[in-house]
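Please find the structures below.
Here come two complexes built around subunit A, the first alongside subunit B, the second alongside subunit C.
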Partner chain A sequence: MPPWRGKVITKVVAECGALRGSGSEKLMFRRALQRGLRPGLSFRRLGTRRGGSTLDWDGKVAEIRKKIQSALPGDTWDPLYDTSHLPPEHADVVVVGGGVIGLSVAYWLKKLEKKRDAIRVLVVERDSTYSKASTVLSVGGIRQQFSLPENIQLSLFSANFLRNINEYLGVVDAPPVDLQFNPSGYLLLASDKDAAVLENNVKVQRQEGAKVCLMSPEHLRTKFPWINTEGVALASYGMEGEGWFDPWSLLQAFRLKLQSMGVLFSQGEVTRFVTSSTSMETSSGEQVNLKRIYEVHVKMDNSLEYQPVECAIVINAAGAWSGQVAELAGIGMGPPGTLQGIKLPVEPRKRYVYVWHCPQGPGLETPLVADVSRVYFRREGLGCNYLGGRSPTEEEEPDPTNLEVDHDFFQDKVWPHLATRVPAFNNLKVQSAWAGFYDYNTFDQNGVVGPHPLVVNMYFATGFSGHGLQHAPAVGRAVAEMVLEGHFQTIDMSPFLFSRFYLEEKFQERNIF
Partner chain B sequence: MAAPRAFQRLVASELCKNSRGLQGLSGVVAPESNQKKKRTLLQFLSDYFYDMEALREYLLRRQILKVQRKNRSFLALKEHYGPYVTGAYFVLKLGGAVKFQGQEWMRPSKHGWISPSIGNLHSVPVEAVDVSGCVINYEGLDHILLLKELRSLSLQRCPHVDDWCLARLYPLAGSLQELSLAGCPRVSERGLACLHHLQNLRRLDISDLPAVSHPSLTHILLEEMLPHCEVVGAGWAQDLQPGDTPSPVQSSLQSTAHSS
Partner chain C sequence: MIIPMIMMIPMTWLSNNKFIWINSSMYSFIISLLTIITLVTPYNSMYFSTLFFTDPLSTPLLILTSWLTPLMIIASQKHMSKEPITWKKTYISLIIILQTTLILTFSSTELIMFYILFEATLIPTLIIITRWGNQTERLNAGSYFLFYTLLGSLPLLIALIYMYKSLGTLNMITLMYKYGSLNNSWANNLMWLACMMAFLVKMPLYGLHLWLPKAHVEAPIAGSMVLAAVLLKLGSYGMMRISIFIEPLNKSLMYPFMLLSLWGMIMTSSICLRQTDLKSLIAYSSVSHMALVIVAILIQTPWSYMGATAMMIAHGLTSSALFCLANTNYERIHSRTMLLARGLQTVLPLMALWWLLISLSNLALPPSINLIGELMIIITSFSWSNPTILLMGANMLITASYSLYMLTTTQRGKMSAHAMNIKPSFTREHTLILLHLLPILLLTTKPGLILGPTF
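Entry: the complex of A and B
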């Protein structure tokens, strides 16, 4: 940048203070400013420099320009104060919750929309550091070994999605997405009394197309010599499409792709839904009040400021806190026993994950082993580190108000079972531990997907009780199909609808740990 | 924006040179180098014009579709010609080489012509397949898994072979004796861990795998995992020169042993 330009700028800046508030001279000053900063008048082209100047003239010019523009009165269409941190005033779809399920729903909404930029999607996330989000605190496993065919289909599609992640979430000019997927599979062990159920499950899984095989105890001993098969009658081993990956990379890949697709992100907390209701009569003459949410109040952090966002559809993907968000919409505020009185039965449940080091432990081929006693563990990296945990029983449920780790739980409830199953784990040293929330569905431990019968424009995508991450891509697609077409197209998720809580039809998933 | 064909080709070649998307597989290895990218004209235009962005996305999709077309399914041939000829035909169509039992190596000609005499070999098992440098991917492996008596498989420098593909190789466990993965940019130690199914493997080549974070440690762990197999490529001993000085601990122990 030629040196005389700098002199013009400094002169202009000096005159700025003197000229502030005066009329005609301001116009002259503005013209001088534009002349000084416009590149056309310099006799050197853009990008060329005399020698190697390290004074960063471009940066300084940008700063001074910004200062001057903020000092001058704005144009007629500027707002009175800076609103760049607030969400927009209108959006078509508001996704409450920016975890992997919310981002997946937003992605599929944009992917399946009929015209380009037809839908404006806003993702509202309370915590941009994701410090308590279940997604990033998850162990990151994906398996097809479920008991219900719909869950198996969801997992199969999600495995396909993760395998072709670069085709789905690839952005031009960004580095390829690396999920660090370990295709090592899941090994589920069953005792005598559960062996028949396991065999039945494997039959269903193979029918749906999952590659799972059954193993007898002798077979287990030859393949995995570090296992102690006492008390194990049968085992099922997933050969393909099962394993674990890094959920943080998936989340970042989704974020980057969504930003490139034009989805708006906002940091804030949803504090209020403003609804309008219409009254309708059923065929038996009963009055039913149907509500529509037409405004969402998004409150900023550490402030009373909120932005009312006018919207057409709200997606509840708030994970462990979906129950609270549903209450804001008035779900469950009615006489018990009626449809109005059924709450969303999703509540946070705390689960611990421990990381330990065991130098003589199982080798590189270790799958994610889930024992009869509901203890699970997997290998982490190349350095003989393992991580795992156990689902507590109903009586031992820890307090979900914080994410403090109980180390005695490992000593008393996890280590004995680990050592029984894998004798090498008698000598281990716990390196660290963390806790995360399950969005636990107290009714049947299976997800809630689809619209609410009374609050007609709130769609749920929550309650997966520990297997939300592995179903996220498929669930996102299902919710997008429901929103855009009105019915599920690829996978029939009608058993997951909210109405099953009123009809008391449990859609129980038995392989949960 | 109706770009004329010549302009599109020019743009495509520029794209292949400069984009770091799917073509830039080295991004998997060294993501830091992508931060210091210099902005080319195309990237600059993409940031400012929606048409350019759409064009670049279209070109990217075309690259992906090209690979998918190369790996399209020939399984319909299986009823008529049998699994061996189907698999061999796929390999030859892709540009690789195939060796039937008792025959010489067969390759396609320079223009991709495959000799029709391959149809006579429908009952002869295929013993070796070499798809080095070809664009085989997960779907394409369907055809190779048909060859139940395959003894040697060479996947050297295949750009689309990744950990998922390695997890798929377990049906060949009964016969596969030699596997070469040298130079595959997407294979990491996580995929290599799935090779424990291949208990008949006698020779495994894992040299020059840029995505493996600790090659020597992986080599040792693989040797433990596959005790009958000779693992070649990333040995911990190959970094030591002959006549190397012993470590300080060893030399001090030796000196104390001598003195006592």
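Entry: the complex of A and C
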């Protein structure tokens, strides 16, 4: 064998060996190569390859075939270059943000349209790996134990949705959706001074139809022997429709269903809104500029290429970055104190989640426990693993520019309280940790839903400050009803409108952690 | 008339940038007023030369064509406002070229000249659709439009050449006196088919109508207007002219097309009820109305010809007006979906009045000329065969329901929140619709003008 041939073989074999694959695959590769190397068979020297010395002959042939195919009628025609990675030039509704809220809005828009294919929906997502999205980094809990009736209603609707998920998101010929829903409930603990508030909240929850029960410390000790009830005056335990599930499965289920319904997905970043404005006078004679977005520029990754998408409605479901998207539309550019000057008060806040292993920890019936000290934890899996964290106070807010985890936070702020509440957690070993963003509404920690008063065709569905995932199906329906009917039908979400920021009416949700 | 039209092209290119729209609209308007002279003719026909003539069939179509030119130019002003000046001038020139070829077509005497111009009208339309249409699908739509029409009309060329060889002339006037009767042989049947196919595709006949919704939806407003108003009528005009030469075979060969039209008119009306896209709804309603015209032409009685010509003009004006109204919606909301632009009556009341009047004409409300056309067609088809009245009655019912559905969805109901700051209607838009409506209303007083040669 000539020496260069040997070098070629060894180089190719080494490359194949470096490929991901088991040992048997490498063996197969080697055998195939050696078979091909027999003279007279398929192995050709460099100069005798098909296409002569043109490199990548097959690639070029494939390109030419693609061009000819796209010029024939029947398909969209890209005369100059391949535009299949770009979003379409026109869509009726553009949903900015492909997390669970954006997908939920798209789903309900397609579900509630009266005729098939009435509305053309485009979902634009900047990061198709969802590496920083709040949805997939979430703990995945759902509870009805809120203080505001609207939030309770949203959770009830969503719990019903998740319970019957296959009716809603089932796709023909696809495996049924499995969310790994653990209906273990939430346990909220209250000290003496908060007991009255907790009792009041439970009353509201019961009125709305949630099944929650109040527990005294003795009751707690009987039911959950691993708990230390020192400092606990009252506890509320959700008995139905509360627990946690896998948010990634929900996201994928939505995605699959939306693809089957004909929603267009595009990967790109929204960099510009082209607006047209008209100046109008209010009844008191003030001049206001009403704006309308008629084009969205979607920029592709790692390139300057962008596609202007002509649209009728834009839905801002960008999660933690909704504030930036709103600024692109000119929301908040105005003298402070006026309606034009009110920004969307949603900003990213980093929260840590730690996973630890504790062999003598609480058992399988452990709910998601939210302690007096704002520490929470829940069971993860069946192997004595738990995950949890703590909402930091305003002074301890971590830096939201990255998703680095601060392990000292666990040591100093989380573990002591965990160990006080659950003595078994005195010996635990942290397995891993991650950080995620809350789309934190700095005004009242409650969601913003509905159209903006001045940019008339931008609808918000953001700012849920940590309880967006559990409200996603209901919020999606609310926004879709607003777009299609003009008013909220199932649940009255008018307290969530943007105008409350201008009118300074806080719609404060107290049970946030 | 033709020379002024051609001269408009240099006028557009040499005009001051600020004046191109005004100049082209005004001059084309003046030319259209000139064409009305052809209405007043001593013995019902005007023979300008051996090449050009007008008779009561082509006169209304001529007037419609030239009336539509200023309307097309006025309608295109908004969506072309952001384009560079050269492209604006090119667009207007394309419209003018299209109008010139259409005028030549409608007034030609020779069938070959008619055919050449028939094909020639495709080119400017194709350029308008594919270059200035709104979405990526427009390229697809353009291909469909081009190839359907071309493939349909190629047999016509062959048939015409054969007829020229056998008859010595293809001049329509002299041929009207030809005593010809074709016997029922395979070759003659094929020739009949060849002659009719081109026009049936253009009309369009129900089975070959696939290009129409695509082309209408993707075309810019001027393209939609001219397509709906005039180009479809080319097909029916051609059919009426060529039926003279292929006379006796009609009685036996027209049955399949009659069936397709009768069934098609109900099917396409029903599809209209399911449409979500406004322009698509109007396109399918065009197919439905044209199916009625096909039925009338194939029956070949004097009354049916009257109904067909009346229907052609009425539908031309009404469809074009509907497209203009849909375009006013589109320019404000940037979407053609009906659901997203509701309750416009409260915001744009005068536009709602135009919507009402045009929708009412579309559903053939008496005493509009649409009704006269439809009524005559229904009467003649009943006399041809009694059971057709059931289908025709069903069609009128469904037409009424989808017209009212379109009206109530866009005008009535609660206004959507995102439609709050749409710009109020421009005077230009009101002028446009009014200029569409004026002939409809005036012709109601003297419909004899559009009832064609058998009146």
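Just so we're on the same page, the second predicted complex is superposed on the first by the 435 of 513 C-alpha atoms of A that agree within 3 Å, B and C clash if a C-alpha of one lies under 4 Å from a C-alpha of the other, contacts with A are read in each partner's own complex, and residues count from 1 in each chain.
Here, a contact is a pair of C-beta atoms (placed from the backbone, for glycine too) under 8 Å apart; a residue touches a chain by one contact, two chains touch by 3 or more.
What you are looking at is a predicted structure, and each value in this text was computed from that prediction instead of being measured.
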Message: Should subunit B and subunit C be called a clash or a fit once both complexes are overlaid on subunit A?
response: fit
Query: Touching A:412 in the superposition: subunit B (first), subunit C (second), both, neither?
result: neither
Task: Mind working out whether A:364 is in touch with subunit B, subunit C, both or neither, as first, second, both or neither?
output: first
Task: Tell me which partner A:170 touches in the superposition: subunit B (first), subunit C (second), both or neither.
output: first
- prompt: Touching A:63 in the superposition: subunit B (first), subunit C (second), both, neither?
  reply: neither
Query: What's your read, subunit B or subunit C touching more residues of subunit A?
result: C
Message: Quick one: is A:404 in contact with subunit B, with subunit C, with both, or with neither? Answer first, second, both or neither.
response: neither
Task: Applying the touch criterion given at the start, work out whether A:88 contacts subunit B, subunit C, both or neither, answering first, second, both or neither.
output: second
Subunit B versus subunit C - smallest C-alpha distance in the overlay, whole Å: 14
Statement: subunit B and subunit C footprints on subunit A meet at residues none
- prompt: Across the complex, what residues on subunit A touch subunit C?
  reply: 73-77, 79, 83, 88-90, 92, 113-115, 117-120, 277-278, 280, 290-292, 294-295, 310-313, 451, 456-457, 459, 482-487
Field: subunit A-facing residues of subunit B, complex
entry: 19-22, 24-25, 27-28, 31, 34, 37, 43, 46, 53, 56-57, 60, 64, 138, 163-164, 166-168, 170, 188-194, 196-197, 213-214, 217-218, 221-222, 224-225
- prompt: Which subunit A residues qualify as touching subunit B in the complex?
  reply: 163, 166-167, 170-176, 178, 180-185, 239-241, 243, 363-365, 382
- request: Enumerate the contact residues on subunit C facing subunit A in the complex.
  value: 134-137, 139-140, 143-144, 147, 274-276, 333-335, 337-340, 342-343, 414-423
